[in-house]
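Each structure below is given as structure tokens.
Paired with chain B in one complex and with chain C in the other, chain A is shared by the two complexes that follow.
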Partner chain A sequence: MGRGARGWFWLAVAVVAAVAVAGRTWAGAPRPSEVKVGIVTFLSGAAAAPFGIPARNAAEVLIEELNAGRVPAPYSTRGVGGVPIRPVVIDEAGGAEKQVAEFRRLVLDERVDLVIGYISSADCLAVAPVAEELRALLVLFDCGTHQIFEERTYRYVFRTHGHQILDNVGAARYILRIKPEVATIAGINQNYAWGQDSWNTFRDSMRRLKPDVRVLAEQFPRLFAGEYSAELSALLAARPDVIHTSFWGGDLESFLIQGLPRRIYERSTLVLTTGDTVLPRLGQQIPPGVVIGARGPHGALAPNVPLNRWFREVYTSRFNVRPVYPAYHMSQAILGVKHAYEKALAANRGVWPTREQVAAALRGATFETPSGTIRMALGNGHQAVEGVAFGITSRYNSATKEMELTRVLSFPAECVNPPEGMKSEEWIARGFPGAKCP
Partner chain B sequence: MDKLAVIAVDGLVFASWLFLVSAGLSLIYGVLRILNVAHGGLFAVGAYAGASLVVAYSAAGLWPLGALLALLAAAVASGLVLGLVVERGVLRWTYGREPVMQLLVTFSVFLILEDLTKLLWGVSPYYAYQPYQLLGQARVAGIDYPVYSFLLLVVAGGTGLGLWWFVRRTRFGRLVVAVIHDPEISVAMGVNLARVYVTTFTLGAVLAALGGAFTAPMISVVPGIGVEVIVLAFAVVVVGGLGSLEGAAVGALLIGLVRAAAVHLVPVLELFTIYLVMAAVLLVRPLGLFGRIEARRI
Partner chain C sequence: MKSVSRLGWAGLVGVLVLAGWLLPRWLVFLLALALAKGVAVLSVVVLMRAGLVSFGQGLFFAAAAYAAGFAMRWGVRETLLLVPWSVGVAVLVGALAGLLVARYRDIFFAMLTLALSMVLYGILIKAYGVTGGSDGIRIPTPTLLGVQFSGEGARLVVYYLAVAATVVAAWTMGRYDRSPAGYLAQAVRDNELRVAYLGAPVPRVVYLGFLLSSGLAGLGGVLTALNVGHVDPGLSYWTTSGELVFIAVLGGTGSVMGPLAGAVVYELIRSYAFKYAPYAWQMMLGAAMLLIILFLPGGLWSPVERLWRRQTT
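Coming up: the complex of A and B.
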């Protein structure tokens, strides 16, 4: 090989190398073979049947449909950006400490790309700081406490549904619309953070909206007490116009089983903020005139949009029961994640995004779900706001085997959520400044 | 005045339920000296068995009141089977061992029963409210009560009296009393200890299942109901004095009435009432109301 030929050879090598390097950049970082998602929900214990299992079912059917590319627009691409999703499902039972350990294991050993999880507020509060410390993406899908994003700011933690404030501010507004003459209220709520926060929000909202409302009884039975004979007597004796409860799961069902034969609904209007979950279960047992909430526009109160019709259809045909609100919350988290990945992918011109880029894409995002449009409007774009809807039971529909809801009223997100930067308690105490209600 | 009447009725109703769910625990401790944590599991099995039998019975459209007999049958059947299996299969190997070991063994039986109920009945709730609604309502001081609550009073009272008659008035009961006082001397006098133990444990298991079966119509029967019951039953038995049936009755009555008063007068305290009563009683009587001081054997 002569001198000139050697020069040409090296030039050729350099060109090939340059093209190879550039080509890699043009084609983007290699796409992973799958997006591994940790899914944490109650599979055992008292919260499994009412919440955990419906949420897991929703994840199962939705991920399967997404991977097959069968979800309607705007989610018709397969998986996320063409990459299939692989769920790793973990039981939430066992308490906050165990969940922190499980979360570390998911992130460090299983190397999941993100975690969608947590029904219990205690678990959310415990795991969120750990996610931040590990710089791991965490999407909270069902827990209710409003404290998470009001107490500190996060970079890697998101919540794709509204918190308990909207249930109870919404319940107060609904009651005053359908029963403006209400003069007395009472509450029966479980004696832990969720029950106390829910009751305080409802009571304070009622007092703000109608200052002459009197509180006649505040019952706080133990969580999972199951026996409410004495509490029911106290509520029956107090004869309030409205009885508020944020009971859930077995406690709510036991309360109704014991309270309905004693005609607790006759003198007082019952307000069940999580009532949607019992509609398919107790059917005809629930009398007319009970106010039902679904922690947002979910379940029986979900909007009549194509995405919801599709979701309801695939879920019902698979599990022989319609989805209740935890299933909707799960769909919001999964679709929010898909939306964020694909948005980051587009912004990155097709290069597979980093965690930080996905987080940036989810921050402040607006996306469509079976529950309508979700906006990540609070907590620097990490906390979703949604509207809320309530209805009142009217008559039994033997086709759906559920009580039908009538006088359904929806309140937009701006009406039942505090504005960005204001704590919920302060917002209520100051008389809901900035609230825009129809 | 009305309030007092309502408190008394609520207290009695709750006390009768408490006695029903704690009598078995007390009986077993009294004779076998084993704190049977599996009690919660037996309660849960009784509740599930009762619920499914009532559901099947109600679907068959037979004589409605028979649902109550279905509850009783479910309790006796599940208690008999499980009592025999647990005592003969597991517990008898632990007699004479450290109490801690016995406690751990019953705890493991409890965990097994928890999983067994999930295996057999799944995690979806069972509803058996037919018997609860069947008997109608009764009005006391202007408030509606389900007659079923008063039926609980009868069942609990009947159980208490029956146990008292069994222990004090039957020949076998006298053998049980002898074993309670001194197992070794009883054996020396010719008492068949194994028979006393297996009979007592099975009876205790039937009582636990009875508590579960008669609770089932009032609640949504879901996994985890057994745990709640152990804590309550343990509190009742400690207040009354471990192993004393009279103690369990008085303990249940005391806790029931104080709790009902708290619910009506100071609801925020309700959560603590059981522990308040327990702490107050143990301060004055460290062995519980009917607890006896025993000489330590060497």
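Coming up: the complex of A and C.
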């Protein structure tokens, strides 16, 4: 072989090799350099401090730890399937109209691989159809309305936490366990969908479970009213055995701060379905004997599993406060997404999955979170079910700077969620058919 | 003068039509939202002609949006029916509210309009069984001439609907400005007492302006509803009305183009502020407003207007 011929030979080898390498990467969609995740949560406004910022913090610390490969099993691979996650954080303020525009921008302009977001139910309801239209993956992480998957079916929209039904069915069951003699109830809830749904669910569940329970007062002060002296007077005069409230954030704190000096807790057992968020904030101002919920097994009521101990530890050491339930909801969404990607990746023999494949993997999935095992059991596999736990405040713990909870009772998911295919209202009205309670 | 203005209009329509074609889809959506808001801002500017500042345009904005929502629930999906129906509802609300509100001026007018819009907000929140409360009502994709579009086609239909509505609104506004009622409104602003002594029907002039304003706000509302696909009581909240006044001041109230340009710029600033300063976007908007008040007290459009006038005279 002459010198020139040898040169041609090597060139040919190089070309064949290059084509082969390129061909491989073309054939199996290459792994992207990052998975871009839009994170939408309140960064401003009244819902920011109690919900939005804890959720943002959870996303920040969890994504950092995932990318570093420091999360305990079964999430010890870096990022998702070895690909780092990059969050794009957006404020949820501005109303449904602004959020629809921002969702479109995230998907079409920023080209995020999926969006995790939305605390407000109106935002969830407005954005979900847009996700379907754009064929974009959307994981709702905190909104409470049970309407979304009971009214319509979705392909690309998921919710990785339980809806408000379980808080209030659970609250009713808990009250009847610890106080079976209860005869009268009253409610004070904010006058908007969340408050109205929460009270209706609680009241109807109580009536179903103990038909002779009488309702003494149903109050709906406006959202962010901040001042409740008239309502407190009415509640004190009515002397119900139980006062139910789904107040959250500043309203819950105002209500407690105004109600405690008037000893609202002495005549009636207070039931705070979102009480977990105020435990670290109000410390020993909260008296003993108040029933605390966390919208599921989260925060102070989270199970004692390694993943939860780890999550609590990294979150607390970073932000100097323990995670409350919105942070747990965020962790469920992120870990659910990681689980779905890796499941799809495995099913695809290592080839990077499409959105549809990720959606298929998340549909009906079961995965571990700091809140325990989450099953996507309702809404055609798009809506998670969780159990719920309640506890009652006992004494102040100066180490945690929180009231301790006793008589903690957990209700499994099958006990506080309607079965697949049945609407929540119907389930309660028919007396909880199919509910399996311990 | 007329030919120059006609050229300007043709240019504007051309740009908007091309934009629907060329711009990325999320920007087309944003532009449709901005045009809808721009039409509603025109409704604020109509009242400003008569020296009245309304902080309650959300009343008509939401009334029309919910009218569309209810019509859809009753099975009406046709755009060409939905738009006149919703605007009609807004005008009807305006006709009733105007009986009371049009008698007041200055801060009393502003506060009364604000109060009425908050009354509607309260009703929408409380009538949970009917209005869906704070969750609102879903607006499915409408049909156009009986044809059901979906996906990108549906977005374009709504966008071009917004463009057409903007042209109609701007044309109406231009006509109003040059009509006796429009001139009288400006005279009322300058000296109401004198206009009354000249024998002009001041209450009727203000009432007419109020009707036109409610119709324009309603048109903006129904466009927003069709574009977003969801209505919630926030549309009637005072911050929505305040935003419209904000945009009017931002864009400039002297012309028809100012409010429209203001709405587009406002949406763009807000979107980019969301993107680049998620923790400080409100401050960005505030800073933009301050800069405009300091350097362009007549609004964003005022330099263009001045240039235009120099060209035509």
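Note that in this section the second predicted complex is superposed on the first by the 413 of 438 C-alpha atoms of A that agree within 3 Å, B and C clash if a C-alpha of one lies under 4 Å from a C-alpha of the other, contacts with A are read in each partner's own complex, and residues count from 1 in each chain.
Convention: a residue touches a chain if its C-beta (ideal position, glycine included) is under 8 Å from a C-beta of that chain, and two chains touch if they have at least 3 such contacts.
A quick note: this is a predicted structure, and the numbers were derived from the prediction, not measured.
In the superposition on chain A, contact of A:Asn191 is made with both chain B and chain C. With both structures placed on the common chain, the touch criterion links A:Leu108 to chain C but leaves chain B unconnected.
Once chain A of one complex is fitted onto chain A of the other, the partner contacts of A:Pro303 are absent, as it touches neither chain B nor chain C. Touch criterion met: A:Ser44 reaches chain B and chain C at once. With both structures placed on the common chain, the touch criterion links A:Ala122 to chain C but leaves chain B unconnected.
Touch criterion not met for A:Pro412: it reaches neither chain B nor chain C. Residues 44, 191, 220, 222 of chain A lie at the contact with chain B in one complex and at the contact with chain C in the other. Listed in rising order, the residues of chain A touching chain B in the complex are 44-46, 48-50, 53, 191, 217-222, 224-227, 229-231, 233-234, 236-237, 249-250, 253-254, 257-258, 261-263, 281-282, 285. Residues of chain C touching chain A in their complex: 24-27, 29-30, 33, 122, 125-126, 128, 132-136, 138, 150-151, 154, 224, 228-230, 232, 234-235, 240, 267, 270-271, 274-275, 278-279, 281-282. Considering their complex, residues 2-3, 6, 9-11, 13-14, 17, 118, 123-125, 127, 129, 132-133, 137, 142-146, 149, 215, 217-220, 222-225, 227-228, 259-260, 263-264, 267-268, 270-271 of chain B touch chain A.
For chain A in complex with chain C, the residues that touch the partner chain are 43-44, 89-91, 94-98, 100-102, 104-105, 107-110, 121-122, 125-126, 129-130, 133, 145, 147, 191-194, 196, 220, 222-223.
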